[in-house]
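Read through the structures below before going on.
The same chain A turns up in both complexes below, where it pairs with chain B and then with chain C.
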Partner chain A sequence: MGGKRSIIILLGVAILFAFLPFGLPRFYTYLTALIVVTGLLSTSLNFALGFGGIFQFHHAVFYGAGAYGAAVMIAKLNYNPWLAFIAGPLVAAALSLIIGIICIRLSKLYFGMLQISLGSLVWVIVYRWYSFTGGDDGIHGISVPSIISSSKGAYYFTMVTAGLAMFFMYRILHSPFGSTLQGIRDNVLRSQAIGVSVRRHQLAAIVIAGFFAGVAGVLFVVVDNSVFPDMMFWTLSLEITIMALLGGWFTFLGPMLGAAMVVLLRTFVSAYTEYWTLALGILLMLVILFLPEGVLGKVFEIWNRRGLTEDRG
Partner chain B sequence: MSFMEAFCSPGVLCQILLGLSRTVILFIVASGLSLILGVLRIPNIAHGSLYMIGAFMAYTVSRVFGGGTLGYWMAVLLAPLGVALVSFIIERGIFSRLYEREHIMLFLLTFSFVLVFGDLVKLVWGAEYRSVSMPGFFQGSIRILGLPFPIYNFILLLVGPIVAVVLWLLVNKTKIGKISRAAAVDREMVGAVGINVSLVFCIVFVIGCFLAGLGGALVSPIVNVVLGMDHTLIMEAFLIVIIGGLGNIWGALLGALIFGLTQSLGILVWPQFGIVFPYAAVIVVLSIRPTGLLRSTW
Partner chain C sequence: MLEVRDVSKSFSGFKAVNRASLEVNKGEIVAVIGPNGAGKTTLFNLVTGILKPDEGRVIFKGDEITGLPVHKTCKKGITRSFQVVNIFSRMTVFENVRISVLSQQGRTGTWFTPSRDLVNDETAEILERVGLIGKKSSVCGALSHGDQKVLEIAIALAGKPELLILDEPTAGMSPEETSRCIDLIKHLSEKLGLTILFCEHDMEIVFGIANRIMVMVRGATLIQGSRDEVRSNQAVQDAYLGENEACST
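Right after this comes the complex of A and B.
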């Protein structure tokens, strides 16, 4: 794809999203913002999982940490909301550094299992600490600055911030650091042999991924004005992993697409039946069995194959 | 369990023993998890769901046999077998086709079963609280150091080591155990000498899941059988397996002991956050021995 063409596509998408709130009912504005927040979360997971090859099994903890960091600072400690919005991702990054340091020494599967367990510890603390985190009720009615408190304001703030976050992640992945990270994913031994510090790069990737998950968490506070412990429960972590898988591991925009598919599925299937997770489970099974490279991965594969045959012809 | 806590709160020892008796359940579930992890290399997150299904099956079986003593024994006998049957079907139907895939795919596949089983349980049994009646013989209490202690929990304390020994014999002294240990180390080589590895994996998987069902059936008289009872249990089981070393039965027992002790002592020290202590123990253990206390694979 030429650079010019992708810029035009991006501009078109930006304009489409900019006018979306004027053409759609309020609920769909909210839904779009929710999809973008979830997609950002899933993309940040894929930063570590798909591009770093790190078994980041409990990524939602950092999402929750970002959200709770901001929410607690606003609702319980009465800080300036803007300051809290900046602090949220930093809390998430700090937490991912701590959990990362503990887990990083272990190999893949072990790493993932330990991260799930330590993440559950964070969840337990949040779940039990009523006076500070609101316990299992969470915190509701968090007051955000008036400029972004309307549904349109929240929407635009979410879109711009998420767009910037996606841009930064894209740039990082296409920097020398990103290439090194993907090199480690593809061959740890070879990377070590040419003098790359594997653990340091992986740890940096975990912290960056955690930071952007925290950004997504803050955006959720802006969109929904609430936080609750389920935001850092392990089932959510695996749900966003499904999104990344569904959209396509090794593509940058795959997780966003997967998030859109899952959130829409949840919204519309749960309108008909309470058994929507059954549908999600079966969908996941089908994807694993028949489409392991994800939807976007498959699209690119077909695209490339056709390109090749055309060249030959 | 609150009435039991009130039952013998004066004695610290009783408190600890009560905590340990709950950990026996965790051990039984975790040992199955560890077995599957050690041989098949699948972190089966659906293991908790099978535990839940075991508990619900125990409820149904006990109802069918009219509750009471007969109902309880039939539940403990049949519910784990039912879970084993379910696991046999999913192993032959889906897992056995995917062993060559990456671990993360298998892991996500087990998660898809968490989603499916969760909704199926809701479909079959509903979202209400259920309880299994205990036979009269188990209902009383015995005295430990002059303090009353529920008999059922005492029995559980005895069951734990028995399960550990039986499993150890199975893994170390039987042919199937030896083959599965070999298959865990080098699958292709075992296949090359003419052993049906796929079948061995299936047997190990079913045994592991049977243990999850057994845990569910044994716990059913002392807790509320309810949707979502698997969610925190599976995390605790993971924790135990990690402390002990992946795939090591004695490691699972040791891990369960550490988990139970730190938790019950933690609750005595700091009731609200007692659950935090086992996690702290894990961090300490792993900073000393990064791959768990005992050797992780055979």
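Right after this comes the complex of A and C.
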């Protein structure tokens, strides 16, 4: 019963998004795609942070790695773009494996701090290596295959790919691996005592999260045809963490909602004032004070209390 | 089955366990007793690998398991419950036990099949056995303390142990809950043939169900023997039993 309802909702959303480019000006198509890309990035962060309890403080590095991986292959090494799109997430996954192996021995905050340091190191390299990465200018005008080079083409490609990525992350979180990961988040000692190798599972989660951040990075290249070092600067990591907190970091779709809130806020409030972050700050404060589990977390709480769902998943 | 030889563990100079020894044979129920702070929980942590002993050896089924990390001792066949309730509090009762069953079957790496389609029968059987099947859908943070302690045992049981270690299984339980818990422990021993090692403050329970008893005082083994041997031992009476009986009236 619950399953049927969610399938109907999903279909409705899919149809809505499919017809969006026909009813809205081009800018809004771009904005929607940007929200979904950012939301996918924040969801991949939340995979490790909210569901794995891993202090993934510098997740944007893997977003940047995916984007730069693809961009450099296309613009500097002249590879086939499709091949580059596949390679991007793999580069991101490889980088998260390397950084993960180094950090995983540390717990919680120390893990996060070391990850910020190593991530910043990667950022500096990208920022300074003009001949290869374009330095602080980044790379612009990246040519993508003609079928997805139009704004509609880019939009549909982004939606379908992000949809698939979300589906895969959802399935993984509801698999035994995902349950185990959430078990580790809730209680490390108990997980060990039932025979779970905590580090191995956490490392796998970090790599999966990095991979999907890389997918988001590639999608940004498709939508924007450019990459720049800010994509892997630590402030973006903070921003996507805020999105996850705003939307609800124990819920699967919370980060997507949070991304929509932040991106819309930035787009429309910054038209009136350059201090749009002030509005974000007030919003964040209100959420932390009154909705500590985020907006979607609160919605589910009310929903569950009314007994409308059987499954909190 | 389990042999603990002269293990010691210090915490910044304080000898929590001091050359303690313990022996558990297959099929036995062995109790460890001793005053608060005698090192019972630390001893269990040393056996299960939560802590590494400074010296001494732990041997399980003829294999040296000294210092083996806890997830590996679990795979060897030792699972445990904790003194302070230690469960996955955001999950339902059913999910708590299912995770443990999945881990026992080595399926925590399965990444695409939904958990809800897996090991439902095995999980239900365990909940049936411990009497929590009626509460399987409750989020376990909301359970009563007694039910949470029983859930602890269920999680440990799902690991299909040969040796089940229970750290004060009835602590904080109401009298009815306690008697149900004792029945459960007896049932596990008789019907499943489990070897059980537990510690407990309630002497009635200890002398009611344990085959053999190990007495610990200030981190060291005072004696390990049958109920009668322990009861009649003068040193035990001096160190522990008399004092305890006076307190527990």
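Here, the second predicted complex is superposed on the first by the 306 of 313 C-alpha atoms of A that agree within 3 Å, B and C clash if a C-alpha of one lies under 4 Å from a C-alpha of the other, contacts with A are read in each partner's own complex, and residues count from 1 in each chain.
Note that in this section contacts are C-beta pairs under 8 Å (C-beta built on N, C-alpha and C of every residue); 3 or more make two chains touch, one makes a residue touch a chain.
Just so we're clear, the structure is a prediction, and the values are computed from it rather than from any experiment.
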Joint occupancy of chain A by chain B and chain C, clash or fit: fit
Three-chain overlay, vertex chain A: chain B-chain C angle, C-alpha, nearest 10 degrees: 80
Touched partner set for A:117, first chain B, second chain C, both or neither: first
Chain B versus chain C as contact partner of A:282, first or second or both or neither: first
Which of chain B and chain C A:182 touches, first, second, both or neither: second
Which of chain B and chain C A:102 touches, first, second, both or neither: first
Which superposed partner A:20 touches (first chain B, second chain C, both, neither): neither
Which superposed partner A:31 touches (first chain B, second chain C, both, neither): neither
First, second, both or neither for A:86, with chain B first and chain C second: neither
Which partner reaches more residues of chain A (counting touched residues only), chain B or chain C: B
Distance of closest approach, chain C and chain B, by C-alpha atoms in Å: 14
Overlap of chain C and chain B interfaces on chain A (superposed complexes): none
Residues on chain C engaged by chain A in the complex (per definition of touch): 48, 50, 69-72, 74-75, 79-80, 82, 86-91, 95, 98-100, 102-104, 107-116, 118, 155-156, 158-159
Complex contact set, residues of chain A against chain C: 171-172, 174-180, 182-183, 186-187, 189-198, 201, 204, 250
In the complex with chain A, residue positions of chain B that touch it: 41, 43, 45, 94, 97-98, 101, 103-105, 107-109, 111-116, 118-120, 122-123, 231-232, 235, 238-239, 241-242, 246, 272-273, 275-276, 279, 282-283, 286-287, 290-291
Interfacial residue positions of chain A with respect to chain B in the complex: 49, 55, 57, 102, 105-106, 108-110, 112-114, 116-118, 120-121, 124-125, 128-129, 233-235, 238, 241-242, 245, 274-275, 277-278, 280-282, 284-285, 288-289, 292
